[in-house]
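Pasting the structures here.
Each of the next two complexes has chain A plus one other chain: chain B in the first, chain C in the second.
Presenting the complex of A and B:
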């Protein structure tokens, strides 16, 4: 069967890379800014999907890893003038370690308790950073313009950030696909369906869950490092923004929870919709309310999300769309 | 910091704790009955603040009469929210109900921000103060405590003494069994959601008589309610009241020893620690 399967992953990666290349080829900076954000949201949503969609653990405060990655990388770049790419990797490793350390105890919690614990950890981290003077406290940290000189200026730095974000998004999607098709992914989904039965068939749930959590923390940390490198300023509020965390969950559900393509579709659709609503004079004021209404309709009536519904409606598509 | 400040801070914090407890009571009641974490809790608290504010500033209604009005509006609003957003997904996974109530949150904040803007408001009432040594108790704080205690007592009377209240507890214990006994569980769930919402609006209304606020203020109190509810045990009403007092007391006393900005760090660390070490809460979970 393996040979007959459609080359879903290469097609998906080529598609994302092609879209990411459009603003470079057409030299369109505003489109590049927009896609930078979309690629970041694809990274966040796909990462959350690994722990939430495959494993069934609602990581409500997942943005904490985005913030941690952002803060560590920013501090390295600002204080020691470390190169951005090195700083990004150097920030993602401690973020993954932290995920392992907090994952071991909190992944024992089930359901609502786990969701609340992740919110608590995010809020604890945010209020800690607000007080932590080495990282700038409540004011945060900001770059002097000279930081960007080693990359050839601010414009080149923005390009570097864009390419990096595209690479991170591609790596996240590829990882998400590989996990879903692997034995490891199968054990995650077994845990999602029934943890006790999974244990009976020889899966070590604790180990598998922590692995999934660590992987799902690694990519958001890279994305955080890249986002705040480009931003030039990092503050506790935007770094540990619970709303952004919830928005990424919404994207996953909108596109199709537990599928590889779902979070990508969800992230792109959500961002497009927000752009549309904000710029539309009739809707601009009611942007949040309309987003809420659409979310409610999705949750109530399209439970499987767009990709999931398509797969359910047309079973033949299952061979082509993961 | 002097220990002189300890007693007044502790009393101040404890009194505030009653109002926090009331908000947490609403959250824990809904969770206890239907296992739903209500993410529209914060905006509803803010609506309670604005209900009192509008009645007071536009119609000259006494703020405490406004508290009663806010409670009634809350009851109806909660029942409406239940049927629109929760009823259909009541048996779905927690992610679904979290997102359903979060969508209500977005809608309330979205509409209310357009109507009220995010500028800060306050209600000016002076009920005098009681002084003894270096302890000062503002009249508004005293009344808020009295109202909170009264409402909590009324809720207990309702849940344990009336037939409807007992039906709600039966549904919380075992929905299928309650239905076999002829209880309309859907009505009881809607009523419980309504009461939970009414409690949130009442506490918001009381907070409006104490501090200035914006439409986004509810978020802070929502997170505080989470901490309190977990501390007392998810779904345990007595735990919510005790948890409210503990958090209020801690907030009062900690400011004597720590810079104010460190207080939330301590609160959230306690929150996560309780979840990890005693997920049933300090008092253990009971329906």
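Presenting the complex of A and C:
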């Protein structure tokens, strides 16, 4: 929306790619595992930001799409020996379709009712998978080791998963940026501010919201497929983990709701903090309590989050940080 | 006629808010819609642009039946709305608010073109220096102008203005009236709900008076203001009203 366009997106993508390349260059597997998780959280938080930050619909149970993507891809790989990349894409498309089907009714709800509905859907999906025998029921599914052979062994598969996750994170961030700067994004923000006014100026809110929800479901499904491919085992609990969903919301709020960079900053900061707390003997048992405290402090005192308050404090930065 | 409203009836439970209301407005014409509080003026506007679906009757815009279309479909056909209670998109800047108006209305402009239109409209309404301010931080008069700017940015063929003058000082009212006259010169049709009688007398070509959802009078501002039925609707019994007026004159 500004004439003077700072090269924000290229700079951001180069930065993420450069960070993602560190463990490859330095050949550091433990750092790679850590960054894999951070990139996944960046994907989840940035996706949630599209529906929550831009559109104003708090999708509490957004992890459901992560689980759906994971399950479908896992099933395809295990049962039909489909290549991982193909399975990931083949799982994200039905996940997006499911988002459209769920979204049409529940996006009519506003505020807390929508948030609760998304929690309900996640829990329902978890129960369904727990009882759905073709997907392994309560036990879930696991790979036999030979599955990784077609990728050149488990080590190579882990690298493939890492590269894929980095690519997904980059694609999510780029999409988030493009939406924010587009006419579509403007319509989402108008809906967030006042849906009735949006409708009166010529926006079809139902359509725009469902589109936003579908986009925000697509990337978590890809991330789920990748995560469980690397994991080698999928169970209903970890696939539809409400806690992870809530943590991604915390990241968005912490970093700056409705900004492109906010969820990235939030994800990195939260994961760093968690790593610090969990290894610290004093705090190890309190790490979630501290996360909650952090959310409380952010909501009370830094409503706009880190990136948001930075933008508010220094209006000149608005051209450079989105 | 650019807009024909025929026998539109809107009911809320047992309350008939609009009772077979009929009116029409032509290009370059400003129609005043007046009546006591609760007469159904805002409801009628809501029935025109699709917020309420009328129980009976017909709304025709440029020869097309638009009865029962959704608000965004009506907006895309060239009808814009400025609200009585201002509804800025608070967290968005003034320019973004007005760009929203230009983007999704009749012309369906791209973001760049919409922004240029928005800048023009903002400048013409004297909000240029506030362009990057979040809309929520404007004062009431500025919010009123923003509300009108958002509606005008859509370059509507018909503007539904719901008490856009309320709460403005005389200087600001005069400025707004200039805006309305300019619109008339551009051939835009306007329906304005207004309680500010001198403004109605000043700019309206015709006036329709509603009371209890029914049209009780129609004509030039002068005709309407001397109509005993209108005086009764506002002041009660015309004889008593006349007495009051006499006393005031004396």
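The definition used in the following text is that the second predicted complex is superposed on the first by the 319 of 322 C-alpha atoms of A that agree within 3 Å, B and C clash if a C-alpha of one lies under 4 Å from a C-alpha of the other, contacts with A are read in each partner's own complex, and residues count from 1 in each chain.
Throughout what follows, a contact is a pair of C-beta atoms (placed from the backbone, for glycine too) under 8 Å apart; a residue touches a chain by one contact, two chains touch by 3 or more.
Everything numeric in this text was worked out from a predicted model, so none of it was measured.
Asker: Both complexes share chain A, so when I overlay them there, do chain B and chain C fit or clash?
Answerer: Partners fit side by side after overlay.
Asker: Count the residues of chain A touched by chain B and by chain C, then name the partner with the higher count.
Answerer: B
Asker: For A:183, using the defined touch cut-off, is the partner it touches chain B, chain C, both, or neither? Pick first, second, both or neither.
Answerer: After superposing on A, A:183 lies in contact with chain C but is clear of chain B.
Asker: Check the residue A:202 against both partner chains and state whether it touches chain B (first), chain C (second), both, or neither.
Answerer: So A:202 only meets chain C here.
Asker: Between chain B and chain C, whom does A:194 touch in the aligned arrangement: first, second, both, or neither?
Answerer: A:194 sits against chain C, while chain B stays out of touch.
Asker: With the two complexes superposed on chain A, say which partner A:316 touches: chain B (first), chain C (second), both, or neither.
Answerer: In the superposition, A:316 touches no partner, neither chain B nor chain C.
Asker: Rounded to a multiple of 10, tell me what angle the C-alpha centres of chain B and chain C make at the one for chain A, in degrees.
Answerer: 80
Asker: Please give the nearest C-alpha separation between chain B and chain C in the three-chain superposition, to the whole Å.
Answerer: 13
Asker: Let me check the overlay on chain A: which residues of chain A are in contact with chain B and also with chain C?
Answerer: On chain A, the chain B and chain C contacts do not overlap at all.
Asker: Which positions of chain A touch chain B when the two form their complex?
Answerer: 52, 56, 58, 60, 105-106, 109, 111-113, 115-117, 119-121, 123-124, 127-128, 130-131, 138, 246, 249-250, 253, 257, 285-293, 295-296, 299-300, 303
Asker: Using the touch definition from the top, list the residues of chain C that touch chain A in their complex.
Answerer: Residue positions touching the partner: 49, 51, 70-72, 75-76, 80-81, 83, 87-92, 95-96, 99-101, 103-106, 108, 110-111, 114-115, 132, 150, 154.
Asker: Inside the complex, what are the residues of chain A that reach chain C?
Answerer: 1, 182-183, 186-187, 189-190, 192-194, 196-205, 258, 315
Asker: Which residues of chain B touch chain A once you look at their complex with the stated criterion?
Answerer: Residues 31, 35, 37, 84-85, 88-89, 92-96, 98-100, 102-107, 109-111, 113-114, 223, 226-227, 230, 234, 259, 261-262, 264-265, 268-269, 271-272, 275-276, 279 of chain B touch chain A in their complex.
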